[in-house]
Every structure is written in C-alpha cells, then in structure tokens.
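Paired with chain B in one complex and with chain C in the other, chain A is shared by the two complexes that follow.
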Partner chain A sequence: MSILGNRVLRREDPKFLTVGGTYVGDLPLEGALHVTFVRSTAAHARIESVDVEGARSAPGVVAVYTDADIDAGPVAPMGFLNQAMKRSFLADGVVRYVGEPVIAIVAESREAGADAAELVVIEYEPLPVVVDPEAAVSSETMIFEGADTNVPFELQFPEDPALFDDCEVVVRQRIVNQRVAPCPLEARAAAAEMVEGRLRFFASTQGAHGVKETLVAQLGLAPEDVHVISPDVGGGFGAKGSVYTEELVVGWCARALGRPVRWSETRSDSMVGLGHGRGQVQNVTIGGTRAGQITAYRLNVLQDSGAYADIGAVLPFMTRQMAPGVYAIPKVECSTRSILTNTVPTVAYRGAGRPEATAALERVVDCFAAEIGLDPAQVRRRNLIQADAFPYTTAVGTKYDSGDYLRAFELALENAGYDDLRAEQARRREAGSSDRSVKQIGIGISSYVEITAPIAGGEFGAVEVRPDGKVIVRTGTSPHGQGHATAWSMIVADAMGVALEDIEVIHGDTDIVPRGGGTGGSRSLQLGGTAVNQAAGEVVDRARELAADLLEADPADIVLDKAGGRFHVAGTPSISRSWRELGAASIERDGVPLQAEADFEYPGATFPFGTHVSVVEVDIETGQVRLLRHISVDDAGKIMNPLLAEGQVHGGIAQGVAQALLEEFRYDAGGNPLTANLADYSFISAVELPSFETAFTETPTPLNTLGVKGIGEAGTIGSTPAVHNAVCDALAHLGVRHVDMPATPERVWEAIQSAGGSPTESDTETATGATGPGPGA
Partner chain B sequence: MIPASFEYVRAESLDEALALLVEHGDEVKLLAGGHSLLPLMKLRLATPSVLVDIGRIDELKYVRDEGDVVAIGALTTHHDLARNALLSRHVPVLAHVAGQVGDPQVRHRGTIGGSIAHGDAASDLPAVVLALGGTYVVAGPKGRREIPASEFHLGFLETALEPDEALTEIRVGKWGEGGWGFEKLTKRAQDWAIVGVVAVRREVPDGAGAGAVAAGSGIGVALVNMASVPVRAASTETALADGASIADAAALADADCDPAADVNASVEYRRHLARVLVRRALEQASR
Partner chain C sequence: MSASKSVRVEIKVNGKAVAAEVEARLLLVQFIRDVAGLKGTNIGCDTTSCGACTVLLNGQSVKSCTVLAAQADGASILTIEGLAPEAGDGSGEGAASLMHPVQRAFHENHGLQCGYCTPGMVMAVTSLIAEAGPGELDEAAIREGLEGNLCRCTGYHNIVASALAAAREAGVAVARTGAGE
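This part shows the complex of A and B:
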C-alpha cells in the first residue's frame, strides 16, 4: 500500500517542539557586528542634512553609512515596470515612506547600535504626502520626480461601452481590499561573512537562489563568489519572497568591513519595513438576467504599490488572470493600474493578487443575488463552470486545467447544513425585530478558483543513495513551515521503498543545491515534489541496472520489492540486493554515487478550487462580530498528506478571517503608521477562531504525475470572502448592502447606523432595453 | 524595541524599596510585573535610569480578610486575584474582572498595584475599585496614607502618588448582598477594552460593621477608557437613585465624560458603546 495520501506526522516537528529551530538570529557567528537602520520618520521629504558624527563616535560603533558611502545600487525595478523608479540601498536624498532605511549603523552589539541611532540627526524638508491611492491617481505630487508619473505598471484595455447592454440587472460596487501586514513570527533577519574570498550570506527567505541572484546582480559579484544559506525560517507568507535593500546593505557591509555582520529587525521595524500585502481599490460591475444568469463582469483595479515599484505593483496581473473566478461568464473585462503612494511598498502576501480577484467577484455575486432576490447559493449553482467543460479557457484567456466546482460547492453546503442555517437566521431575524439585543447570524459563501505555480519555471530535485543506505534528497524549494521534509520523504519512500527515517531532505543551500525556484505561489509540491519523484524514479532505474549486473540478470527481470527495499530477480526473492548494498556498490565499482538529478520542466499552472461557508454572529447594538463556524471544501488535486494539507488550510483560513474581520494596516493622512505594533494591529489569535470544519475533494491535475495542485494559499483565498459575505448577510435585513473589510465593531456599527435599519438606496440599475447603463466606474 | 540602558536593583522589602526611591529621586521607577512599564521602555517612551524591582517582595502579595474589608497587597497578580477564594466570596466582581485582563501571560505577571499605579484609563481594575468605592494605601518617607479611589487618578498616566511613594494595598468593602455586572468590548480577547463598564449594586445588610456601612449601599457604575482616567457614570447613578429605569439611566452613561478617539473607536462610537454596555451591565447587576 502506498504511503501517499496518509496522515504522516511532520518529521520537522520533534526538533521544533523540543530544542527549537535554528534561525538566522540564532547563528553563532563569532565576532559578528550588528546593523541598525535609522528609518525615516517622514512620509515624503527631502533630506536636508544628516549629522552622524554623534553616532560615529558613540561607544561600540564601527561604521555609519549613508547611501553616498555605498558603492552599489540603485536597484532597478523588474523589467516591465517603470524604470525611472529605481531604489537605492539607503534613501538617496528623498525619503518616500515612514520606515524607509536612511542610515546604517554597524556596531559591536545590537544595543550599542540602538543607542547610537538616537544620536543621528536628520533634517527633513517636507514634501506633499500622498497616502490614498485614489487621490494619488490625480495628484500632482510625483513620488519619483524623474518619472513624471506615479504609475509603475498598468494593464489597460479598452472598455466596451455595450458590455452590460443586454443585462436585465446591473450591480456596481466599490470595494476596498485593505492593506495588511504579513507578520511572520520571525521578522526579517540576515547575516553575512566573507569566507575564503566568497560572500556567505544567511537569509530568512523563501528562496536562497533568488537571494543569490539578487546579491550577485546588485553587489556586482561573480555567481561562484556568493553562497546563500537559508536556515530555519519562521514564516514568510510571500513577503519573504522579495529581497529587501536592508539585506543588500548587510551583504555590502560584510564585504566592506571584512567582518561578519548580522541584522535582526525588531517587530516595530518589521511592521513598517517588511512589505505589506493586498491594498486594492476595486470598482466592480456585474450584470445578468433576473433569473440569476451572470452575463457580464467588469473589474477595475487600482493597486496601491507603496512608495517603490516592488512585486506588489505587478500582482494585479494575477488579479486580472483570475477575475472571472469559477463562473462561466461570457463577457469579462478587467483593467488594472498600480499607483505609488507614500507608504511601505506592497509585496506578495498569501494569495498575492488572487484573493483580491475572488474577494471582488464573490462579494458582488452576493450583491447581485440580493438585487434579484435569489439565494446566493442558487446564483452560484447556476453559474459555476461545469465539470465536463475542462480544460476551460475563460473570457480573459486563462486556461483552467481541471475541476469539478459543483461537487465541492454542494459538499460545502451539505457540511454546513445550509438550509438549517437559513432557518436559524430567519428565527433570529424574527426575534430581533422587537429586540435589538438578539444577536443576528449571517451566512457567507465563497466559491473560488485560484492559480498555483503561476510563474513559469521548472524545479530541481535530486535523490542520492549513500553507501550506508541513507537517502539524501535535495530540492530547490524552500520550506518555511510547509512540511516539505515530510512530503518529499513520503514521495521518495513511495517510489523507492525506503523507510522515512532513512531519508534526509536538504534545501536552501546554494552550494549544495545547484538550482531552485524557492517556495511561493503554492508551487512547491507540484513542481519540486514532482522533480523529486522524477529523480527517485531515475534512481530506481539505475539501481535496477546495477542490481541486474550484480545478480547477473537482465534488468527487465529485476523487480523492486518496496516493502523490503530490495531488488531481486522476479520469482527469486531470496537472492537480493538492498539499497545500502547498491549505494555502496555504485561507489566501489563505478566510483560514482548512486544518484539522479532531475529538472521538472514547467508544465503550466494548476487551478485549485473549492467552496467555503462561514457563519458569523453579529451583535447589532455594538457591531461586534464573532465567527461561529467556518466550513471549507478545498480541491487541490490529489492530497499527498491530509495532515499537511489541513495545516495549510487552517493557517490560510486564520489569515483570511483576520483580513475579513480584524486586520488593516492604517496610515494617517500624513503618512504616519497608526498600527505599527501588535497591540494596535489586530493580528488574530486562536481565541477568536472556532475549530474549522475542513474537507477535501480530489480532482487530479493532468499536468504532473502526482496529480497535485497547490494548497498553500487556497485557505486564505476561499475564506476571506466567505466571512466578509457572512457579515454583510447578517446585516442585510437592516438595509446594509456592503461593509468594507475589516468588519471591525465600529465599522459594522456605522454601517447599521447609516442604513438606518431600513433598505438603503442601492447603487443598482435595472436595465431597460438598448439604452442600458453606461460602463462601470 | 531595545530599551535605553538602566541600572537594575532588586528590593527585598518594602522599606528597602522606599529607601531606594528616596535615594534615586526622579530617575527611578518601580518595576512590578513589568507588563506596562517594559513595553514603554522598549519603545524608549520611558527611560528610567534606575529600575527598582519590587516583584519579589512577598509581604505585598496577599488577599486578607479584615472584617468588613478585604485588603489586597499591591503585588498580587491578576491570576492570583482571579483564583482567590476569599475575594471570589466577598468581592466577586474584582476576582472576575482580574480574570478578564489581557491573556494568561499578562495575568501571571501583571499586578493589581501596577495596574492602578500605572494610571492607564484603559485598565480594568481601577474602574472596579472606583465603582466599589475602595481606597488605596500608599507608603513613603513620610509614612502611610490612604487615598480614596475617586481621588487617585488625576490624568493620563498621572496619579496622586508622590515620586517617593509606593502603592502597598488596595482596600475594598465586603460585598454584602447585591449584584454586579461587567462588560468589556474588545476586538480580540487579549486586547484592552475599547470601552469597559463595571456596575455594582450593593445592599448593606442590617447589622453590618462600620466599614461596610461606610462603603455605602446603592449603585456604582464606572467606565473604562471613556476619559483620561477611570470615571464614574455619575448621571446614571443619580438617575437610578432617583428611580429611573435602567434603560433611561443608561442613556446618560456618557454624560459625564470626554472620551478620545483612537484607531479602534471614534468619540461617537465610544459614547454609544458606553450607553449600551452600561445598560447591559446594570441588567446583569439587577438580576
């Protein structure tokens, strides 16, 4: 029986639960200096003067650098972004957001660095501050003077003025998908040292190879002179897929000073320095028939990119790709524009562009259902892409590999007990009509499809059988909580018939693993896992030939007994060779290890999907929302290990709920962060969450031999709109049509107040004949 | 997140702590549980040059039956208050609210004395003592004095404590008959109250001792985070004394305070919450 599909316990956990991991900050780098960054306190200003003399002569300070001291940079944005928006390692005369690094102090201790930082005097001449992305569009303030625009990237398509002409009903909604802080438990950290003329760089990253490439490019080094290692990483959520200028400074300092250098940021720094996620303003229009058929959809995205053109500026590309979601909508338009503001740059955050697409669509599907007076479940059921339609190409040209949306949808409703929930809701509404203290419940549905492994690129995997029988797996993926050591071991155990305990998985060391795309976009299992599977298969083939030689038989007659991990001639199990014997024989006889390397070629993206149902309880008098239940059905193809998959779903749901109900990174109009610590920023905790009711359906993808898709981000993508819809649903009978996220007590209360308890005037039109409504905003 | 450097001294007794306060003058801060002070120091919003750790002074950790009054040592932790049988019997509202402070880590380190001496109007326990009409005992070079709870908090992080004084004891009258209610609206379980309300309804039984009679009968309503100090909802209290219904009295809950806006709530929302939560707390108290 195959081990695949079983709840194998995480092989990583004994270490984490006993002695703990080894993070960059734990590395015993002897004599290492500490870098402290002095960060901008102004959101947009010209640096008039900088006085670092006090800091330079402070106790324990070894060096103080401004950008002028650094003979590297600036960093150009990705090729298709506006190239005038370059970013220097440290602020180059203009600061563009609060938290931007201006000065680097290198000191004998972290404490000495913090003390010296107090002595730096920077005079700023304020420039006009732009925080609101919508205001930024027409602002005359240029965040990059030389660029003549605040738009680093856009995908503008001509609008068809007749898009909604044949619709009986058209609904519009402006939706804010707020900025959130990724908050990995391990904040950013890096360390660097020169070893025999090479730069050895320790990174808390989602991909050591990407860090290496960036260091090579930005520090002007030869690839062979850079060695990047990522030890244990305490979470990334996409935000550690970017290489930050602070990391470049750390590498630069190690070379400049010839001493080991390290940096571990504080939480306060991380809140304003690590990029933020989301940050879209969406204008959405949906149209269809009174019977509930959706026939046209338009999504216009304004992406807040923050002050520099980082990956966040590009993510609307993926929002566009996923705009039509799970529905067979004949006409879809989506244009996007990214805009700079005086805030920390936006980066990838769990879902990265796709949750925003689902959030927009799923919210307006509910608005559409409300408008025509149909149950939102009924509208979804009517419009889901049918199982026999795959592979399916959407109106925006995205090709979905496989799916059975209706199956997951019906299972989710069944697991939720949807009809009973609606009955309970009706009872509460009835009771609440005379007593406002009766808590109301809301039921929200979200059906999603997302794109995993969205960025073209294959993955490396290697398997080697050592003479002692141990199996070494090398992978180009970069786990930071996902459990690759467990999953990759299962794949190898299944392919080769070796015990899990005999398998070791190595990742995140560019000297040992030659190539790798890292972990992000839920790509790892489908690409990295498949590469390992491929390599394991090749090792089995080689071992078979070797065994055939040793047993003086034809390779075609040799079978692998996976239960015992031995090769023998078919029908003669008593004479056999074990993996250990073959590993040793390969070295002794041929002088080469028994191993295979594989590069799994990128087969295209896969499209996991599912339906989440959420039940919330709302205190109408205070606006407080409590999540009562969250029911998920996710389909990520074959499930390799339900325990790991559930873990991903659980974490994803928690973060998704947090966005729907609690989290929002806020700046005031002057660009000052208002939520820059975990007391003010409402990072969710277990107390706010019920036990999740998770389930899977399995619709394999044809794109890899394992039949797997990604599950890392699906939980976040599916959950947020379900919770959001549930909150709006709970308030619908009071005349509330929409509440933006996060549905904090105050915001919910305000929505109820302004609805006045009776149906609001909605921004909805009922089309009449050919004159129809004009294009959406 | 790295405090400025400071000197650390551990006091073994109250007398030693008081002597250290005198010795170091303005530069010194007492350290109890550290859950309010250390975060400020890490952000360098507080930069004392000497910390006197009073956390191990066992003589200030107690809950004592003193006849009509329950006396609580300033260094008693929230956790110990929540679990204390004597307190649960005689002043159940205080035990209950102590169990609602922050999260388990905070309750295991944070002390009632620190909570009161810190003077943050978002703290829960000062409002409870205020509603109960309790008193604070402070000690200093000039000896010991008692300050009524209503006169202790003067402004944001500002109290009637002199720099050379320590809070040593909290005194609250025993319960007698009556009821109480506590309402606290937070975004997350571990958060400080956006608005909190303590309502106590006390009936002094016939033949009660002088202490209980002094604490008085009637209704006390105090608000958390509705002003720069913990405040009583005086108009609500008066209305109830004059026979108003709970609903009518609760509508006056915010009449006597001047709340601030912050990331969690506008002034208007805070006022609304005070009215709703006072009504709920009074309903609980009258059950």
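This part shows the complex of A and C:
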C-alpha cells in the first residue's frame, strides 16, 4: 500500500506547537545591532536636506547612513524592463512613495534606534503626486526623470476592429481588481553577520538561493563568500519572493561594521514596505450568440506597478497567458500596460497575475449570461473546453496540459445543491418584493484554470542514506507553511520503503543545498517533489547494485521489500540487506555515502483547474454581505496528501474572499496610505468566514512522474470571482449589474441606492457588427 | 521619549519567577521574549489587532503587546512553552502524546501552517475552552472568540476544527454545526 494520497499528519507541527518556530527575529545572534529605517512621509518629493546629527549623537546609536554613504546599488530592474527605473538601496534624492526607506540607523537596541529615528529631520520639496493608475497614463509627471515614460513594461498587440463583428451580443465592463496587502503574519526580517570573512545572511524568504544571488550581485561579492539561511518563515504569499532593498542594506551594514546586525520591521512599516498585490484596471469585452456561445473576448489590462518596476510590473504577462480561461473561445485579444504611480511597488501575491485574469473573465461571463437571460451555469457548461481536447492550445497560445473541466464543474454544482439554491433565491426575492428586511441571497460560480510552475527552471533534490539508517533529503524548495517536510518524506518513504520518522528534510541553507528555485508559483511539489522522487529512485538503483554485490547475485534478481525496507534476492527473503546496512557498507566498502543528487529538468508548466460556488446573503437595507457557504472543487492532478492540499485550498479561499468582500489598500489623492496598519486594513478574520466545503477531482498531468500540479494558489484564484459574482447576483433583481471589489456595505448600499430598484444602464450592444459605443440595452 | 524611567518587576512566567529592572515602557511581550527569553510568543502587529502575542495572565487570555511589563508585576503568565512542558520542544519520541489537548488537536486537525500565529491561537483556544467551562461552545462562538487572532495561512477552517475537537475532549458540550468537521 502506498502512503501517497493519505492524510498523513504534519511532521513539522510539534515544534511550532510546543516552543514555537525559530523565525529570524528569534535567532540569538549575540551582540547584534538593530537596523531602523526612517521612511518617507511624502509620496513624491525631492529631498532638500537631511539632518541626521541629532540621531547620530543619540544614546546607543552606532551609525546613521543615507544612500550617499552606501557604496553599492542602484539596483537595475529586470532586463526587459525600462532600465532608467533603477532603485537605490535608500532614496537617492527623490522619494517616490510614502514608506520608501530614506535613512538607516544602526543602534544597540531596537528602542535606541526608534528613539533616534525621531531626531532625524528631512526637508521635502513636494513634486506632483500620481496615485490613480488611469490618471498616470496621461500624466506629465515623470516618476523617473530621464525615463521619459511611466511605463516600465507593456504587451501591446494590434486590435482587430472586426473582433466582435459576428457577435449577436457584446457586453463591456470596466473592472477594478484592487490593490491588496499580502500580510504574512510574520512581517519582513533579516539578520546578517560576518563569519570567517563570509557574509552569513538570515532571510525570511521564499527562496534562500534567490537571496544569495541578489546579495552576490548587488554587494559585489563572490558566490562562495555568501551563505544564506532561511530559518522558519512566517508566511510569504508571493511577497517574500522578492528581495527588498532593506535586506540589501542589512547585508551591507554587517560588512561595513563587522558586527552582527538584525532588522525586524513593525507591521506599520510592513504595510508600506512589503510589496502589495493585484492592482489592475481592466477593460473587458465579451461577445457571442444569444444562445450563449462565447465567440470573442478582449481584455485590456492596466497594471499599477507602484513607484518602482518590481515583479508586479511583469505579472500582466501571466494575466495575458490565462486570459481565455477555461473556455473554448475562438477569438481572444489581450494587451497589457504597466504604469508607475507614487505608491508601494506591487509584487507577486498568491496567484500573481492569474487571479486577475480569472476575475475579469468570470465576472463578464456572468454579465454576458445576464444580458442574454441565461443561467450563468448554463453559459459555462456550454463553453467549457471539452475533456477530449487536451492538450489544448488557446487563442493566446497557452498550451494546457490536461483537464476535465466539466467534471469539476458538475461536481461543484452538485455539492452546492445549485438548483435548490436558485429555488431559495427565488423565494427570498418574492418575499423581498414587499419586505426589504428580507435578506437576499446570491449564488456565484467561478470556473478557473491557472498556470503553475510558470517560470522555466528545474529543481534540485538529493537523498542520502546515512550509515545509521537515517535518510537525509535535501531540497531546493523553500517551505513556509506548506508542509514540504511531510510531503517530501512521504515521497521518499514510498519510493524506498523507509519509515517517515527516519527521514529528515533539509532546505533553505545555501551551504548545504547547492541550488534551488525556492517556493512560488505553486511549483514546489511538481518540480521539487519530483526531483526528490527521482533522487530516491536513483538511490534505490544504487542500493540494489550494492546489495547484489554483497549478496553475490545479479542486480536484476534483487528486489526491494518496501514493507521491511530490505533488499533480497527474489524468492529468498530470508537473506537480505537493510537500508542501514547498505548505508554503512557504501561508506566502509566504497568510501562514499549511499546517495543521489537529481536535477529535475523543467518539463513545462501545468494547469490546475476547478469550479467554486459561493453563496452570500445581503442585507438590502444596510448593504452588509455575509458569506454563507463556499463550495470548491479543485483539480491539481494527483493529490499527494489531502490534508495538506485542503489546507492550501482553505487558506487560498480565505484570501480570495478577503479580496472580494473586505480588503483594499487605499490611498488618498496625495498618496497618503489610509490603511497602513492592521487596525485600518480589513485583514479577514474568523468571524467573516464559514467553514468551507472542499472536494477534489484528480486529472493527472503527463509532465511529471507523480502526476501532480500545484495547489498553492488555486483557492485564491477560484474563490474571488465566485464570491464577487454571488454579491452581484444577489443584487441583480434590483437592477444592479456590477459592483467593484471589495463589496463593502458602503459600496453595496450605494449600488442599491443608485440602481433604485430598476434595471441599470448597461454598456451593451445588441446590434451585430457594432463595436463602437453602442446604445444602452 | 528616550531613556524612560526604569521599574523593578517580578513576573512568574510558566511557574518560574523572573525579576528584572526594566524600562517603564517595556511591553509584556518584550519582557517574555527578551527578558525571560521565551521566543514562542510572536509579534505580528503594532495595533493590538493580530493576537500572535496572546498569553494567559492569571489565567485570562491577553494580548501581551497591550500590557506593560510593569502592569504584570506580581502576575503569573502562561505562554506556549508552559502549556505542556513535558512535551519539551516536540522533538522527543512520543512528544505528540505529551502535548496539551489543545496542542494535540491543532496537530491532528492540521490547524497550523507557517506556525507564526499558532502560539497565540493555541493560548486563545485554551482560554476559550476554560471560559466555556461545562457550558456550551459551537462554531459561531469559537469564530467570535477568535476574532482577535489573525491567521493568513489556514483560512481558519482547521483552526476552528481544532478548537471544536479540543473542546469536545475537554468535556465542553459542543453544539453540532456540521461545519469544520
């Protein structure tokens, strides 16, 4: 019996539950100094003067640095982005967003640093501020003088003026996919010290090797002089996949001062320091037949990049890749433009470009269904890519590996009791027609497909059998809650017939693990897990050869008894060699450990999919929305451990619901953040959520031996549009066509008031061939 | 605001008296982490919103970032490390079976992922169950009781399931809700 597919409890848990994890802020680091950053209070300004004398002479202060003091940087953006948009370690004379680090204070204690920060005087000469990405497109204010543009990246394709010519119905919608704060519960932290001439750097990151590469490049060090360790990491959600300038400063300070330094930011700093997620304005057009066939789709994306060209500027690439979603749409266009604004730079956040694609498409599929008077389930059923069409290449050229979209879709509707829900909705609407205190329900569907392991690159895995029989697994992935130690142990236990408790998984140390791509884009199991599986298979082969020698038999006749963890000659189980004996024999006889290292070569991306159904209740009198039920059916290929997979889906759903209903990082027109702490930002809590109803279908991918795809981000991608659609659905009979996210009581109430209970104006064309501004329906 | 007045405090942390001369502005959470040296209690925010620093003060759950060390002078504090000291750091053989029922319930129900909110969450659930006494708890009450403890990984689903399981084991009448199970 294989252990794979079982609900194996996490091996990681006991430590976290008894003494807590060891996060960067918990490391002892004897005598470490604390770094405190003084951050910009202006959204866009020239730094006229900086007075740090008071801070420098404050008690406990060891050093105060401005960018001029730092002999490293600036950091150039990724090669294909506008190279004029470089970023200094600390602000280089111009600040471009509130929260940008300007001064670094190094002090004997955190308190001394905080006190000294109060004594720094910075004079700003204000520059015009651009906050709204749509306004930024035509703004004459350049966020980078010398760049002559605020566009770091774009994917512009010629529009076919006849794209919608043969459509009977064309529906347009402008959709705001709002900026949110990733909020891992552990904010950013780093520590660094010099050990025998090498920089040892502790990072709260999703990938130690990426941090090492960045430190090497930006501090001008030799690779062998940098050692990066990521201890326990308190969540990342994509945002800790980037390396931040503060981390570079921490590394630089350790070298400059020759003393250990540490930095743990406050949450208020983190809200304007850690990158933000999402932030797209989408103009969406969908067209098709009155019978419900979708024949043409156009998505135009404006991505808010924030003040610098970080990874957020690039994410629309993935939005475009996934634009047509789960539907067989013959004609699809998608152009994207990223734009700088005087706000926190955007980065990857759980889904990173794909949720935005799904949100746009799924919302307008509902608009399209409403326009032609069909049930949104019916429209989806009619347009889903059929199971026999895989591998399937979409109209934008993305090749989906495997799928059975209809199966997941029908199961989700069945689990939701879709028809009963519609009947209940009809009853509530009837009762509500004479009594507005009757709460209305809305039912939302979202069918999604996403891309996992989207970035080309393989992964490292190694397995070693020690002479005492313990098995050491090394992986290039970088877990921060996902449960890799448990899952990778299961893979090795299954391949080798060793007990879970005899397996140790090592990650996040660049001296022990030679290379690694880290964790992000839901890549870990399919690449890192497969690499470990490959290495385990090679160790079994070597052990078989060794056992054959020791047993004086032909390797072909040697079998591995996985139940007992022993090798023996077929038919003669009484004479055998255990893993422990073979591990010892390899050292004694050959002088080398019994081990194998594998680099699993990147086989291409995989495409998980599924359908989520959401049920919300809306108080028509107050606009209050309550999520009653959330039903998910996700398909990420073979499920390694349902307990872990469900956990990933649960967390994803909660973050997706949060975006649909609650969370938005907001600025005023002057670029001042309005939600820069957890008292002001609506971080979703337990009371705003029900328990979830999750299920899986399993359609294996042919791209790896385990048949697995990624499951880390699917929950977020599937849930947001389902909840969003449910809210709009609850209000449809009142004449509300669309409410932007987050569907806060204020926004829902206003939508109800302005609809006035009668059908709203909608930008819809019914005439064939019309693509310009058409008559309202 | 620098060089604030110092005060002498003595706080019993997990049964052991810890006495120190501290700055008057020192928060209890910093006393626990930096003076008592117990790093299990985490800090997740600076507005008393997240609950990562939840500990029991004289048996009552408090956010230890909201209490000054000086205010806790003479009090007894229980942190995650003190909940089931016999389980050690969890690495020993059979440690899971030596854990406190709430810790065990979190393990058995996958009630944690990155682990950062976990110590606070476990202490909050322990307190909720103690407060319920022989009374009743249901999913809604647990969700309400945990509103001040934020988690970004689990979507709270398995935390609620863990709390329900632990409550049941503690003999609290748990209303059937069907959810979270």
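Note that the second predicted complex is superposed on the first by the 767 of 777 C-alpha atoms of A that agree within 3 Å, B and C clash if a C-alpha of one lies under 4 Å from a C-alpha of the other, contacts with A are read in each partner's own complex, and residues count from 1 in each chain.
As a working rule, contacts are C-beta pairs under 8 Å (C-beta built on N, C-alpha and C of every residue); 3 or more make two chains touch, one makes a residue touch a chain.
Please read these numbers as outputs of a predicted model, since none were measured by experiment.
Once the two complexes are laid over each other on the shared chain, residue contacts for A:D26 go to chain C alone; chain B is not touched. In the superposition on chain A, contact of A:S268 is made with both chain B and chain C.
Chain A has more of its residues touched by C than by the other of chain B and chain C.
In the superposed model, A:Q624 makes contact with chain B only, not with chain C. Of the two partner chains placed by superposition, only chain C is touched by A:A58; chain B is not. With both structures placed on the common chain, the touch criterion links A:E111 to chain B and to chain C.
Once the two complexes are laid over each other on the shared chain, residue contacts for A:S691 go to chain C alone; chain B is not touched. Residue overlap on chain A between its contacts with chain B in one complex and with chain C in the other: 111, 115, 118, 266-268, 679, 685, 687. Every residue of chain B that touches chain A in the complex is listed here, in rising order: 1-2, 4-5, 39, 43-44, 103, 185, 187-192, 194, 263-266, 269, 272-273, 276-277, 280. Residues of chain A that touch chain C in their complex: 9-10, 12-23, 25-26, 58-59, 111-112, 115, 118, 183-187, 232-235, 237, 266-268, 480-483, 643-644, 646-647, 650-655, 677-679, 683, 685-687, 689-692, 715. Every residue of chain A that touches chain B in the complex is listed here, in rising order: 110-111, 114-115, 118, 266-269, 437, 621-622, 624, 662, 666, 674-675, 679-680, 682, 684-685, 687-688, 744-746, 749-750. The residues of chain C lying in touch with chain A in their complex are 1-3, 23, 25, 39-50, 52, 80-81, 83-84, 87-91, 95-96, 99, 103, 106-108, 110, 112-119, 122, 139, 142-144, 146-161, 177, 179-181.
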